[in-house]
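Below are two complexes that have subunit A in common, paired first with subunit B and then with subunit C.
Entry: the complex of A and B
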């Protein structure tokens, strides 16, 4: 029992270490921009989690990240590099917006359901392209998903400046989502909506899939040792197709949540780099749904906090992107450092005992 | 009309040179088996730093130098994290890209006192065109090829050097063998880490140089999204050129035709541009690459260890 607790503590240690490094980096950045690092850090956490409204905003921002990272966890676990979440997000967003706009004449829940399903399938089908190429042509999925990202971003940019442009405003955006396709809010004064609940329901579901099914086991096996996986007849092709489908589907859900529940339109830069941030979050959360949930909530709070601090103190925004580039690197470095220190302690102790 | 074609072809060369430098740099790195996606972030950072230095010192060559320096630093950082710390190359690439997006946005506003300034800062000292005495008077080609800035002439020399280095010398063979199988290369006594670091150093210098051309020659202002995925375009064109220097340069020049066409003919053929929106031009290299991969995907072979991790077993 006691050794289990120690193992758990050792697992958390690099995360704590990494986060303190991140905090240090934030303070240095604040100092460089000419602010008082400690009070600005306090402000950051106040704007991130301080009141009910700010906390609900943090939850709201964490939900697309949570959806995408839970989806990405499956291909990453199997050693498949889907870096196309960004493109899948854009495709799903524009598909669900288009369905919502063109089916507005139907009574309330039908356009909503149609556009959520349409968005999910849009993301999933877009994720299947690299999977299909990997399976049939043995083309590296890193390249195809990277290329498809930009194809999606430019297609959406064309659509929102051309055929799907809002005729009444001057911005590059679609017309607002009609009321019959907007996801209703849970509380009237907070922006959380009913689709947000699904994200939290998904955490135990994915946990069970990964830990208690043969599918989860074969995923881990394929990720850990792809050569041995062939010997015990794991159907690699099926796994590639399924995991990419799941990841695209959940990315689609994230996009539908963002378009139908929060922004109520598709704009340029609607994804705010969620597709890329999530890649780091999956690793940072240790490929574990609960870890991913905690980290995405913390990340969302820090994003909101830095944005508001920058806004109120008049330093340029862009700090949060910088932090989320540095975050996975810091975590991994701290991971390695803790590993090395522990190893040296253990070796030392063994020698001493002998 | 002939003047028009002349100008157009000159623009093709001018657009292709930054991409060409970046392509050669990334080619060297990928040949040695490292898949560096952070080429995009490196271009962003080097363009910005070249702009800042050029703005304050009014000398484009200082800008180029600082751009190369930034490129080297960023590529070596990538090498440190992926080779010595042992992180996945794709993850490091994505993270470094995010860092570059955020930090360029921040640094640009921080350096140029974002709130007080009303006008966009612009550079007065771009690189000058240098006419080469006899060659530039050649009937057709002189004006196109030999009426360019210094950096273009260096490019003419660099391409054959890289070609010879990779295809005709023992070092090229070492680099290729490291990219194909570092384990075996290490066993027969090629120092994998040393050659990879050298590749990262030279490659980073080239990529940084390519990025700094955007703000020391092509444009006199800096925009947040001025690179707009050109790093990824370079990766796409490398795939199209199947990791061979001359084919890659060919692919880059073909792409530059489309881009230069889009710049030059936008006003002239406005009716065509309705059918050919600018997003389509930017999308074209990706579309072509994906199509080519779909059609002849089996025949395009990347270096076998591209993107895989190599840990030395003692």
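Entry: the complex of A and C
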């Protein structure tokens, strides 16, 4: 069993290395904007995790990322590249908001439940479009899911500027979500709500699914060798449809959490790029629910921290977007570097043993 | 041997070479000792045979000579002068070239393009090439060598024998003086092999040849000297004199394997009950299949497989075997015809449905079609079982990992798969152990009724081969049927209850009984389409 521990350690190594790179990049960016990198970094972590409120805010921001990343983990593991979480998020957000607004006359829990379910299904159905095209027509899901993002974003723009526009403020947003569809808070002074708990419950559930079910095993196998998967009776079509459904469904959950629990409306930019950030998070987390949880919390804290630091020091707020744009690159670099280092260590050890 | 001459590559190409490899040691980055202090030499105008099981280090030694690999220690002397190869191109400059087992040709372009790819060209020719001039020259050269070939034909359309001919001609055309043949007869029919032997005897007068093989019967045909490798060391060396006095094949086999070979030439089936096979399990009815390029590859095949029998399919590869297998498995659709399995028409069923019904597949390309090499040995086995057997899931779909793990441990013991820990990734397994894993995985599945196996023991050593043969016979007695598709005629003749010959997408002959006493010449005539 010792070898297993070593294998696990090797899997964690790129994450640690990649995170150090991320920190380094943050410091360089602070330096470039004329700040002291060390104190700014301290400040960043203070604003990210320093007090109960800041910590709860970090958790709050990590929840949609966690939902989406846990969902994306399934198709990614099977080698299906769902780049469309962003679009699925928008569709789910507008569906759940519309249901909440139009069913406001019903007593309290019914509109809430309806709009959560509606949002989830909206995201799932939107994710099924590329899956269906892939299965029946063998259209590459990367292109279809990516292109569908734009369709979703602009359709939602149309809706919040047109039929669903808030008549009182006339901003580009929907009317506020009525009280009957708002998810209650756990603590009155923190913004965490009861749906947030579900994200944490999902961590062990997904862990069991990927490690202890034939579905999870098949996913892993298919991701590693899609050709051989066919020859050991793995139903590839079923897996494509199921994983895309799960990922769309969980993205929908993230959207419902954001709309019904945090923002209480759909605005432009409601997704805060979560759909794209999560792609990097899944890889950074090593395709493992626990890793994804830790990384998404860290990412949420860093996003909050950089925003507040930018706000207080007057440097551009796009800093955090820049960081997370660089995330896939950092992961790639750290993976390659760790691989190289390990190889050279192994070779040296062999020589030494001789 | 003139050690005083100032060395120049041009000179060595024009004259014959004397090659010495001294104390060659090769350690792979993963710590495997492939070769330990191996000495090997090659005189002009001789055929030096390099014998050994798979994994003995033959290929490594020859790759070092051809410049593909660099030795960890040791040196290569050419006409007494140390030489160092950084790439195959360097070796080519010295006049050393290799005929690869699976042919190093580009399928989609013509023969002459393949030749020109390696020909050193002048600056003018690099800018503006008159291909016809080269082609005519090459054709003339080929005819002079006694191996005529059309230089404009696409390599894809050539049978294996002619592809090999292109490789040989290309090397000779480039002025190669040392030809290394890596398992040259593995892709050829007996007739083609005979032709190759004849050619080797002719070409010997102007070049030297290293003949790498694990087939003993070739040794007496052409070899002048023999070196036997085992476990990366030279275990036996025969001089010209020894060969002239005659060498017992059993002795060679003894040195190759290391312990007494258990009457390998005997039919392993022995006096196994000649079951009367009467229960058909798989019926292939007038099947027509197209390949990826829309050519009809299988042209109306009828075959019936009975319960508990081994049906061998002999044929030169590329005559529709691959398409036939894929059609039976269900990953290639039929143009015409039907397949009935166990009484049910499965023509329209998907591959995973068919596999769940009890078909199983042991692929020739084990890494591409058999396993996912990044995940663990145990998970590779689980992944097949849980998708074909329902028993391992409990009511809510959670796997019984303990039960699975115990089964895997037993399996690894029973099949003697060499690994420290089943949680290590599959890529650390050697070819033989990988094949054992694939076979174990299939035969341990209680639902399996028909196994389709391609190249069952290709690349395996004799011990593993015998072990696998024994397992196959055992499971036949339990009622599992096999379709064996192989280029090793020996194996087919040894194992099959019935033998079908495929040529150009048709079954040209079925030997229904007495597979042991088939006339090999007649068989190869069927395989080549001379007789049908």
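The rule is short, and it goes like this: the second predicted complex is superposed on the first by the 345 of 354 C-alpha atoms of A that agree within 3 Å, B and C clash if a C-alpha of one lies under 4 Å from a C-alpha of the other, contacts with A are read in each partner's own complex, and residues count from 1 in each chain.
Here is the rule we use: a residue touches a chain if its C-beta (ideal position, glycine included) is under 8 Å from a C-beta of that chain, and two chains touch if they have at least 3 such contacts.
Bear in mind that the values here come from a model prediction, so they are computed numbers and not experimental data.
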Record, for the superposition on subunit A, whether partners subunit B and subunit C clash or fit. fit
Would you sort A:194 into first (subunit B), second (subunit C), both or neither based on which partner it touches? neither
Of the two partners subunit B and subunit C, which one touches more residues belonging to subunit A? B
First (subunit B), second (subunit C), both or neither: which does A:225 touch? second
Based on the superposed arrangement, let me know which partner A:147 touches: subunit B (first), subunit C (second), both, or neither? first
Classify the contacts of A:234 with the two partner chains as first (subunit B alone), second (subunit C alone), both, or neither. second
In the superposed arrangement, does A:133 touch subunit B (first), subunit C (second), both or neither? first
In the overlay, answer first, second, both or neither for which of subunit B and subunit C A:213 touches. second
Can A:9 be said to touch subunit B (first), subunit C (second), both, or neither? neither
With the superposition applied, I'd like the minimum CA-CA separation between subunit B and subunit C in Å. 5
Set intersection of subunit A contacts, subunit C complex versus subunit B complex: none
Please give the residue numbers of subunit C that touch subunit A in the complex, ascending. 27, 29-31, 329, 331, 350-352, 355-356, 361, 363, 368-375, 379-380, 382-384, 386-388, 392-393, 397-399, 401, 420-421, 423-424
Subunit A residues within the subunit C interface of the complex: 1, 3-4, 7, 208, 212-215, 217-218, 220-221, 223-225, 227-235, 343, 346-347, 350
Per the touch rule, the subunit A residues reaching subunit B in their complex are 33, 81, 83, 129, 133, 137-140, 142-144, 146-151, 154-155, 157-158, 161-162, 273, 276-277, 279-280, 283, 314-329, 332-333, 336
Of all residues in subunit B, those that touch subunit A in their complex: 35, 37, 81, 85-87, 90-92, 94-106, 108-110, 114-115, 229, 232, 235-236, 239, 277, 279-280, 282-283, 286-287, 289-290, 293-294, 297-298, 302, 306-307
